[in-house]
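First the structure, which I've put down as structure tokens, then a few questions once you've had a look.
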Amino acid sequence: MDLVNDIIGKVSLGDLAFLELKGRLPTPQESAVFNAIVVTLVEHGMTPSAIAARLTYFGAPESLQGAVAAGLLGLGERFGGSIEGAARTLQEGLQGVKPGADLRTVAREIVAVHKQRKRLIPGLGHPIHKPIDPRTPRLFAVAAGNGLSGRYVELMGLIAEEAGAALGRELPVNATGAIAALASELGIPWRVARGIAVMARAIGLVAHIQEEIEDPTASEIWSRVEDEASGHMGSGQG
Amino acid sequence: MDLVNDIIGKVSLGDLAFLELKGRLPTPQESAVFNAIVVTLVEHGMTPSAIAARLTYFGAPESLQGAVAAGLLGLGERFGGSIEGAARTLQEGLQGVKPGADLRTVAREIVAVHKQRKRLIPGLGHPIHKPIDPRTPRLFAVAAGNGLSGRYVELMGLIAEEAGAALGRELPVNATGAIAALASELGIPWRVARGIAVMARAIGLVAHIQEEIEDPTASEIWSRVEDEASGHMGSGQG
Amino acid sequence: MDLVNDIIGKVSLGDLAFLELKGRLPTPQESAVFNAIVVTLVEHGMTPSAIAARLTYFGAPESLQGAVAAGLLGLGERFGGSIEGAARTLQEGLQGVKPGADLRTVAREIVAVHKQRKRLIPGLGHPIHKPIDPRTPRLFAVAAGNGLSGRYVELMGLIAEEAGAALGRELPVNATGAIAALASELGIPWRVARGIAVMARAIGLVAHIQEEIEDPTASEIWSRVEDEASGHMGSGQG
Amino acid sequence: MDLVNDIIGKVSLGDLAFLELKGRLPTPQESAVFNAIVVTLVEHGMTPSAIAARLTYFGAPESLQGAVAAGLLGLGERFGGSIEGAARTLQEGLQGVKPGADLRTVAREIVAVHKQRKRLIPGLGHPIHKPIDPRTPRLFAVAAGNGLSGRYVELMGLIAEEAGAALGRELPVNATGAIAALASELGIPWRVARGIAVMARAIGLVAHIQEEIEDPTASEIWSRVEDEASGHMGSGQG
């Protein structure tokens, strides 16, 4: 495709991101699902990543790109890694599984393997949104409404059911799990799943820096943390 | 706006990026222009930034976010900075200028100041696309077609004319200048203009890393550069 | 020099850093002064840079290098830039000045130019260490004791005197100014001066991450900042 | 310890790095071994990391810290990770092993476990330095000469012997293995081992940027890689 004739003014940012990853433009249905995934990941809260970006901008205001880069560097195992992990579980779980096969058996095996190795199943549960993460049904509804709720979405749901049964407590699919399932439906390889979060957060981090330019918070964050680290806060408020 | 009810499945990635920067959703016209700007900046060629990202991934494949961050770090003065510079020139140039004022006078002054200080005018000329950068008329057409070709676009064109006259050679508006003009029409402050390139390139860099996973180039790049640095290539091919 | 025969077991880290920058080993006197500069810059307090590194490690514990990189990214204009600025002032100030020339005239001119442009003179004053930064006399003593207190040190002192006289208040040389003067005595170009801080802080940041591994603080920092950002703290404290 | 009275002018950079990591100054013997390790890691060749730093500086010359950060980001699994892996193998291998125990049995077990899992043993072999990496005997000699060649060094050597026997080919200890053994002798935890490389490379990368300022290579590297990527080189060379 030619940038000038085929893309500028014709393809939206989300669709171009799909094109970059898949080598072709999305169908309208794929576009709806892909955009839904990425916008869910544009976090705008005061995450560790956003705080790191703001503190970096404070020290290096000449380098907006450095502040965004610092923020992205925190999207590792703990945050981006869970999407990767969930997508991997789903994609490896369905590898070689024939159409029409019983996915509950696959789910049960995945749960059993994780339980045996004493490892958490990525994509389940959430510390804050209890008992259910409202983003999950919304994302699943977007997939269903666009005819893209296939075997990965089904498997993710079955894993949640089987995990709940095996561990004796509610373990609903969280937003990470839903995103991993939808990304898998779109054929995005798990090794790149973390990258969708990186794209999305880059947008959010630029917005954080814009906010920081207009209404700086870094100096206050610094002095607060420093006070606390040197014990002033404890004693001063004691 | 509420993420679950108002955004997921309803707002596209490009429009959410606009919302993050401006605090409100774009009109359809603004959306068209904003998306046109950002997609133009999703470079997918073998830029220094892309090479840096690929070499970083080679050393640290556990950290996709690190490779993207390394790539973004190169979007400074030389690349991202030129958009910033052009947007600044336009926005400071029109500051306090009354509606209906003669913009040619403003343009002439801008050219004169740059000439006197022996500084390049950002947003003009281009080493490769001669005599004209095909992205420029396309971007301006998108703006005009959406009723968003206002005083910044006009001023940018006049600066090019005046610069050409003052320096005695063709100095057409390049893509950077067009992007800066359109971003200014959308009310994006020049201090954040570099951030639009950062957003866009984050998408392109994730795609580069996906390509690098599937078809690695870093090792070859490394040995080629190393050979050359140690002089083997010259003598070996002499 | 050969790594195996001439460096390992024979050259210390500080001297190797000098060798890397200058292309030759330091004399014992140069070694003393260079090591003094760099160790002064190994900050171990809870700086914005250290907080950013710790928060990044929290999100990406698989990538120690990413956490250190995030911390280094904050060493820009505000922190590292002041050393650069002071070194530049000194080195450009003495460019072309003949041996034996009256340096007070040079100092007066530097102060006058800064005053006219309403710009701070880098390397003077300090918000915390008042009226004097104890690191300054110590660094100057190390230089003098090693016969390396030359024209740059003299000029730095004269700038402080002239600035104090011109502005009517005490403006003593701070550690940044002393470091810039000593680096200039060692012939380190001002463009690289920021790099000495980068080297030094990389060491300090690795130590921060080691501390973070043993005694994590990031989660607490995060929830504290988040609370404050969402106004809970304010209301909670009446 | 007090910076002004106890450190500036008294403690060298290498010893301060030791102090930062260990919480106390090194003995003269520890200092010799620690400095030997770190200087070995100050690579100054055209590594992928150095190329990434130079390309980044090309795009963002306002941000020396960004260029160094980009270079450090490549010190992951492939490079820094091998030191970490070797140190982990040694430290976990000797955990709970009583003084006087037969270390050959420990070595044999380590080799057997790696062989069974089809995993490379970190710290052995080297593609270039064959049959022996000259840095290894030098590092071991420094340790021995300072009375710090203990059980970790012994175990590393025995692992090499056992691996060679089990796999039927020479697998000598490489510099990474020697560094891991010496770092373990100094009580540096394996989780921080990668950090020693990060410290060391930060110094080397600043020197690369200084060289890049004086004698730029990035533009040439870029056009060479770009040519090759677009196939010009291949066809041009027949």
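Think of it as A, B, C and D in the order they're written, each chain with its own count starting at 1.
Everything that follows uses one rule, which is that a contact is a pair of C-beta atoms (placed from the backbone, for glycine too) under 8 Å apart; a residue touches a chain by one contact, two chains touch by 3 or more.
Source: prediction; values computed, not measured.
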Minimum number of chain-to-chain touching steps separating subunit B from subunit C: 1
Farthest chain relative to subunit B (centres taken as mean CA coordinates): D
Comparison of A-D and B-D by number of C-beta pairs in contact, larger one: B-D
Centroid spacing, where centroids are CA-atom means, of subunit A and subunit B in whole angstrom: 27
Separation of subunit B from subunit D, taking each centre as the mean of its C-alpha atoms, in whole Å: 39
Chain centre separation (subunit A, subunit D; CA means) in Å: 34
Multi-partner residues of subunit C (each touching 2 or more other chains): 60, 62-63, 65-66, 69-70, 73-76
Interfacial residue positions of subunit C with respect to subunit B in the complex: 60, 62-63, 65-66, 69, 73
Contact footprint of subunit A on subunit C as seen in their complex: 45-49, 51-52, 55-56, 58-63, 66-67, 69-70, 73-79, 81, 217-218, 221-222, 224-226, 228-230
Complex interface listing, subunit B residues touching subunit A: 3-5, 7-9, 11-14, 16-17, 20-21, 31-32, 35-36, 38-40, 42, 44, 63-66, 68-70, 72-76, 80, 134-135, 138-139, 141-142, 145, 189, 191-192, 194-196, 198-200, 202-204, 206-207, 209-210, 213
